[in-house]
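Order of writing sets the chain letters: A, B and C. Residues in each chain are counted from 1.
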Amino acid sequence: MKISARNQFKGRATVLHIGQVNADVSIDIGGGDRITALITSKSLEDLGIRDGVDAYALVKASSVMVMTADTPLRLSARNQLRGIVVKCQKGTVNSEVAIQLAGGETMTAIITNESMDALELSEGAEAIAVFKSTSVILGVTL
Amino acid sequence: MKISARNQFKGRATVLHIGQVNADVSIDIGGGDRITALITSKSLEDLGIRDGVDAYALVKASSVMVMTADTPLRLSARNQLRGIVVKCQKGTVNSEVAIQLAGGETMTAIITNESMDALELSEGAEAIAVFKSTSVILGVTL
Amino acid sequence: MKISARNQFKGRATVLHIGQVNADVSIDIGGGDRITALITSKSLEDLGIRDGVDAYALVKASSVMVMTADTPLRLSARNQLRGIVVKCQKGTVNSEVAIQLAGGETMTAIITNESMDALELSEGAEAIAVFKSTSVILGVTL
């Protein structure tokens, strides 16, 4: 697929809720992990998304936060995927962190260098990728 | 205008839908392109946005994805603007891509270097700027 | 707290509105400033957020725009926090801007270098941090 979202996960859709305006859809990406997306009910219909359909969940790396596994915090974000840090790369302002999930997929986050330092992340550490369902775009192949 | 959103498009508003909480507004930015924004109904009222009013659609470059023109994918994102790549600039972690739209305006996206490489973008290629209506802020001049 | 959101503000919550799907919550971060978050009503319930509860408002630096204080523009974004620029740091593609708010807290924004140049920001200048309520994640300690 040729779209710039660094995080592209394919999986089976489950429609959780269809409201008048918005719909909640969850995508099973394997390893026990699910990504929840909030899209418009019209898009749901246009894309033909219903239970059991294969769809892509797309998430920009800049929409993803990283939380260390021992943080005593409960968050409103509906996507919180636990995994192992497999890459930490610093740039001049931003850093890139890759977290391998249970199903083998890797989630990439772009965070600031200061956050990178504050988190004391290193390869092999456990961490949680956090993002809102509003940050997820769904795609289906033609 | 002195606001840091790299993408600032002025155009005529059309109010598509006013819900109890949220409203959908489309801005005609010329060249046949429209930008759809999801804002709160209260903001709509406060800003005095109604059909025919001039408004600015503001979109951060980091909220924009880039898709190559031949990608066989249908997306839930309501904004998908087709154009020609006029700039590809790589940084240490992130790259900047500028896409010129039909009306002459340029849309800028910040994507990761790895996405840049994967897309094989080059100046002159056709590409699509993709972003959610929730990523758009509307502005009106005082 | 060990989460990569550059902007983490602790304060007392006020629940503004609970809808069938979404809820509006405002966090008093001191100095007369409030951060409004749009979260799902289910998250509100799960986190036990109600009037008077202490909560964290988390905002990624990449979700924040910067507006100069004299910009004659009214915006749909519900969070517009005024302060003094205390840091401007340029990278190769992105720049980091820190704005000190009335209550002493600092809000960090990542903007593109070209926006940085266009805004002519400098330390000591007045500026406004702008972000949508959908960009805010709320957290409560366990």
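Heads up, the rule we're going with is that a contact is a pair of C-beta atoms (placed from the backbone, for glycine too) under 8 Å apart; a residue touches a chain by one contact, two chains touch by 3 or more.
This is a predicted model, so every value here is computed, not measured.
Here the C-alpha atoms of subunit A line up with those of subunit B after a rotation of 120°, rounded in steps of 5.
Taken over every residue number at the interface, the positions common to subunit B and subunit C amount to under half, indicating a different-residue contact.
For the pair subunit B and subunit C, the distance between C-alpha centroids works out to 22 Å.
Touching of two or more other chains is recorded for residues 62, 91-92, 94, 110, 134 of subunit B.
Considering their complex, residues 17, 19, 22, 62-63, 65-68, 70-78, 91-94, 97, 109-112, 114-116, 118-119, 130, 132-134 of subunit A touch subunit C.
Considering their complex, residues 1-6, 20-21, 37, 39-40, 43-44, 46-47, 56, 58, 60-62, 89-92, 94-96, 108, 110, 134, 137-142 of subunit A touch subunit B.
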